[in-house]
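In what follows, subunit A forms one complex with subunit B and a second complex with subunit C.
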Partner chain A sequence: MNELKLDVKKEKKAHRSQSGLNILWREIVRDKLALVSLIFLAVITTTVFVVSGLLDLNEIVRVDLFAIYEPPSENFWLGTDYGGRDIFGQLIIGTRNSLAIGFAVTLMTGIIGVSFGLITGYFGGQTDNMLMRIVDFFQILPFLMVVIVFVAIVPNYGIVEFSLIMTGFLWMGIARIIRSKTLQERELDYAQASQTLGTPRWKIMFGQILPNLSSLIIVTMTLNLAANIGLESGLSFLGFGFPERMPSLGTLLSYATNPQTLENRWWIWMPAAILIFLLMLSVRNVGEALKRATDARQRRG
Partner chain B sequence: MWKFIVRRIIITLPQILLLSLFVFLLAQLMPGDALTGLVDPNLDPAQIALQRERLGLNNPWYVQYYDWITSALQGDLGQSFRYKMDVTDIIAQRLVNTFWLSLLTLIFTYMIAIPLGITSGRFNDTFRDQMIVGYTYVGFATPLFIFALLLLWLLGFNFGWFPTGGSVQPGLTPGTLDYVLSKLHHLILPALSMALITTVSTVQYLRSEIIDTKQKEFILTARAKGASESRVYNRHIFRNSLLPIAALFGFEITGLIGGTVFIERIYSYPGMGLLLLESISQRDYSVVVAVVLLFGIASIIGALLSDIILSLVDPRIRIK
Partner chain C sequence: MAFLEINDLHVHFPIKGGILNRTIDSVKAVNGVSFQVEQGKTYGLVGESGSGKTTTGRAIIGLNEITSGQVIFEGNDLAATENKKLDVKRDVQMIFQDPYSSLNPKKRVLDIVAEPLRNYEKLSRSQEVERVADLLEKVGLSPESIFKYPHEFSGGQRQRIGIARAIALKPKLIIADEPVSALDVSVQAQVLNFMREIQKELNLTYLFISHDLGIVKHMSDRIGIMYKGRFVEEGDTEDIFSNPQHIYTKRLVAAIPDINPKNRDAQKKFREEVQLEYQKDYGRYFDEKGLAFNLRNISQTHLAALPEIGVVE
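Up next, the complex of A and B:
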């Protein structure tokens, strides 16, 4: 009796090694570029969150009129801006804010998009038809303009409002992907069998179909993360993202809209530009590697 | 064929109507109304109330929406309180600038995409191809506004090859050759910086399309018939790969709309995108509403165009 149990466990273990998450992980390790990117991301994220915990935000955003536009020196590693505020400190806090909002928006759009996609895809037919018209409506809106207008008219504007506005107009992409995949998935034997056995629909959707889509969801969300970091910095750059008392990578770049800053004071905007580029590039590297892993023909590992 | 196009256009009309309703409701949420900026605040409140009644600002929202949409259809989008002008006139001025910017960007985009795509598709996995793939890889990850800033810093300020702002050198009379040349000179850098980033998806698409087509049987037939290598590429493969690229044209327009806002801000180029940003910061909401509506309609038409071109290219879509 005991021996048989052991066998089942072994069998399970052998199967588990082929699971979706494992394949994703293996692909990343095999792809050196993606591995380096992932390590870079991890290092940046931990550094930024740890160091910003040690820095005093009020100290950084305090205006010091005796140290305006100082070039990089021992006191100010990356110089100061028009208010005499330390750029290096702002860069650390800015990266933390940009990453945090990127993660938050990706997570929220993920939750809304996945549930929406699962429901429309699983029920299909008339429900699908009606709900997809909502998605169509959101997709015809010119995203950038609508977000700018919303940011301008929302009272008591803050970070929570900003991330909610971004989420509100960004969940459609993932919803479409999940829906089309769910439409295929519900026709498969396991879902049909489960329905025949009388399993409640929500249990089939979230307990059985959802795990089968997990690798797709991870891939889409990783690629979305890169896009969201770019969008946030773009909006902050235009002045419709983070409020100025909360520095982000985009607000640092927006100082460059002053021609003199752009021409002569590279230390204010160049580090932020490079950091945004590197962050987006490395998130994309990881995302592309994951995407390859989900397609068995392109897999390297 | 025609049935599909007509059906697709019929879907577009309610989309535009829905968009206008959304924009109108957004306008209702904005602080102030059409009267706030126009009247003297010292005026007798009773007088203002009378004016409000006369202009129909106390009507229920659907009546106001009806009034707004009917006058918008006749080309009357209200008054801008900052410029003391009709919104339609301001937009007409700015739209011309944005139109030229977008046109030049599109020309650049295809001028870059077609040679690069063909080279990298034809000689795939050679050194040249790897260079081009490397460019698309970096271009994909670079946000447009960072690249535009960098180009402005490098070519506009450090080398001084291009002007760093505006759409024309002041003091020139419209219509002269100098005026046109100055306009073009101001356009090149913004258009180029946008084109270099937006083109990467077209390059990638063209590349994989050509690599796919290369292995088709009709290419083998063409070669067997003794067609020269250049004829095989220029006539047989290129033509067949170009069709899907044409279909992307509509999406290109949608992409341009978002891009112009950044580009016009960075190069302080007086177009629609800059108008939107200025109007928002000055709380000139009648202009904001009009610009958002026009941008929205443009992106709906962009989607319509790509669907129609796709249906011309790929008959399978028509059947659905």
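Up next, the complex of A and C:
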């Protein structure tokens, strides 16, 4: 008798898990690759943020002419660069900076893009027409050139300024996706029912329609995160990211533009390259699993 | 003064086209409709798909923009712009056709049914739960289901949740847009009878939109028949079913299947007669654009869109 009760409870539980975030979570657990990627990401993120708190940035970026291009040793776990600076410390802090930027940009573009998309999609008609032209305008701007100009103009910049510049030119993609989905959702009866029940428009947008876009938002933002980390590294590699006193994965990688370093001093750029590769790949793995979870036909779990 | 009065209602949808996306034409979904509904009664609006019956209902509650005409509800013109913000909204509610899309899948039953209450009444959390539980009990659902999600219910149960939401504010007029079309026949009767019960209990007025004549006959006190955005006939249920005047109504009435096998021959004969008349006289009942004429009085309660030259037959 007791067992039967337990069974019913279990079934109820399984039934409940069909809704919302649980589907996403189940898909990740089913997809071993995504699960490993997620754990890897979690481990890297916590390690990097904890360890970088223990490291002294000024100590690491101080030039030490007696320790130039040291190979990995007990003193310098990953050797030193042309200024005698510890690569391991730079790697940790660089990863933290890159991740922080990735998260900040993803979050900010997410907030702007989702609000913009919801408003355009929900109001539709002329409002939609006008607001989407703004999106078009931002989209045709040559992103790279504008960023280079900003870097040249803004004299003193760090994580916040850099994220803001990137956000300014990266919110359009998510805005377009959310808009098109909102255009569909607002025609559904539940949105119209809310209207007849006297719910104000902003409440319908953010209270009724937004929850129905949650899985789409999570998926898009995850995939954007991978892209943003890559973009930041790319810009730093080109020299338009952080100055040298603020390490980033891209800066470490850019040392490889020196043929001597590329050929003989693998310890300077190899760890950063591998880390960028692994980070982007795992974020993508998780993102793809989430994306699959939103489509019932592709689901594995 | 009538409880709800519709005067010469027009709802037109623009057709955009050309180079500059100008309005080149319009679809006249509702093209000059007038009728009156008395309090506590059910007015049935019938017509084929595309006849404008749903658009009429949606225009009354404000989901479609009214091109011209008046919707006078208890003396207030809902179509006039200065009355848009009027609080009559809470007295007019709607039951939607599709019980699957009319409930937000991400919300619990509590949030769905409490939505109108949160908009118009300031209730504490416990009062709100109590009210919602009461409403659910009224529509025959167990109050324990308030924390469930819509997908955990069957179609009939979902429609009851929709009804609970519509009656939450104790409205005076409910626009029921094909409330049972998406439901199983076995559940239809259940929902319909339940709707009649609460009508008596709360003195509700229904504007009942449907394409199913059998259901409309069962539910309505008065019926309007629409075709291409216009009324072809209007009258008490008795008038429409025993003395249809317009050829369109006749065909509709003739098409209702009779369950009694003894009447089969009579039915067949009636249908054939109507078909013959339809083929012979179709053109006489509509003007050169294929639209119905203006309604004319046949008796105190009965109006039909017959041509000027006397009554046919």
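Methods note: the second predicted complex is superposed on the first by the 284 of 301 C-alpha atoms of A that agree within 3 Å, B and C clash if a C-alpha of one lies under 4 Å from a C-alpha of the other, contacts with A are read in each partner's own complex, and residues count from 1 in each chain.
The rule we apply is simple: a contact is a pair of C-beta atoms (placed from the backbone, for glycine too) under 8 Å apart; a residue touches a chain by one contact, two chains touch by 3 or more.
In this text the structure is predicted, and so the values were computed from the model without any measurement.
Trainee: Both complexes share subunit A, so when I overlay them there, do subunit B and subunit C fit or clash?
Mentor: Superposition result for subunit B and subunit C: fit.
Trainee: Go through the superposed model and pick first if A:199 touches only subunit B, second if only subunit C, both, or neither.
Mentor: After superposing on A, A:199 lies in contact with subunit C but is clear of subunit B.
Trainee: Let me test your reading of the model: by the given contact rule, A:152 touches which partner, first (subunit B), second (subunit C), both or neither?
Mentor: In the superposition, A:152 contacts subunit B only.
Trainee: How wide is the angle at subunit A between subunit B and subunit C, using CA centres, rounded to the nearest 10°?
Mentor: So the angle at the centre of subunit A is 100 degrees.
Trainee: For A:144, decide between first (touching subunit B), second (touching subunit C), both and neither.
Mentor: First partner only.
Trainee: Which holds for A:208: it touches subunit B only (first), subunit C only (second), both, or neither?
Mentor: A:208: touches subunit C, not subunit B.
Trainee: Would you mind checking which one, subunit B or subunit C, touches more residues on subunit A?
Mentor: Partner touching more subunit A residues in the overlay: B.
Trainee: Let me test your reading of the model: by the given contact rule, A:294 touches which partner, first (subunit B), second (subunit C), both or neither?
Mentor: neither
Trainee: Output check: A:115 vs subunit B and subunit C. Expected answer is one of first, second, both, neither. What do you get?
Mentor: So A:115 meets neither subunit B nor subunit C here.
Trainee: Contact-wise, after the overlay, does A:45 reach subunit B, subunit C, both or neither (first, second, both, neither)?
Mentor: neither
Trainee: In Å, how small is the closest CA gap from subunit B to subunit C once the two complexes are overlaid?
Mentor: Least C-alpha distance after superposition: 9 Å.
Trainee: Pick out the shared contact residues on subunit A: the ones touching subunit B in one complex and subunit C in the other.
Mentor: Shared contact residues on subunit A (touching subunit B in one complex, subunit C in the other): none at all.
Trainee: What residues of subunit C sit close enough to touch subunit A in their complex?
Mentor: 61-63, 89-90, 92-94, 96-98, 101-107, 115-116, 119-120, 149, 151-152, 162, 165
Trainee: Across the complex, what residues on subunit A touch subunit B?
Mentor: Contact set of subunit A toward subunit B: 136-137, 140-146, 148-150, 152-153, 226, 230, 233-234, 237-240, 253, 256-257, 259, 262-263, 266, 269, 273, 276-277, 280-281, 284.
Trainee: Using the touch rule from the top, collect the residues of subunit B that touch subunit A in their complex.
Mentor: Touch list, subunit B to subunit A: 15, 18-19, 22, 26, 29-31, 138, 140-146, 149-150, 152-153, 157-158, 164-165, 257-258, 261-262, 265-266, 276-277, 280-281, 288, 291-292, 295-296, 298-300, 303.
Trainee: Quick check on the complex: what are the subunit A residues that touch subunit C?
Mentor: Of all residues in subunit A, those touching subunit C are 15, 18-20, 188-190, 192-200, 208, 211-212, 214.
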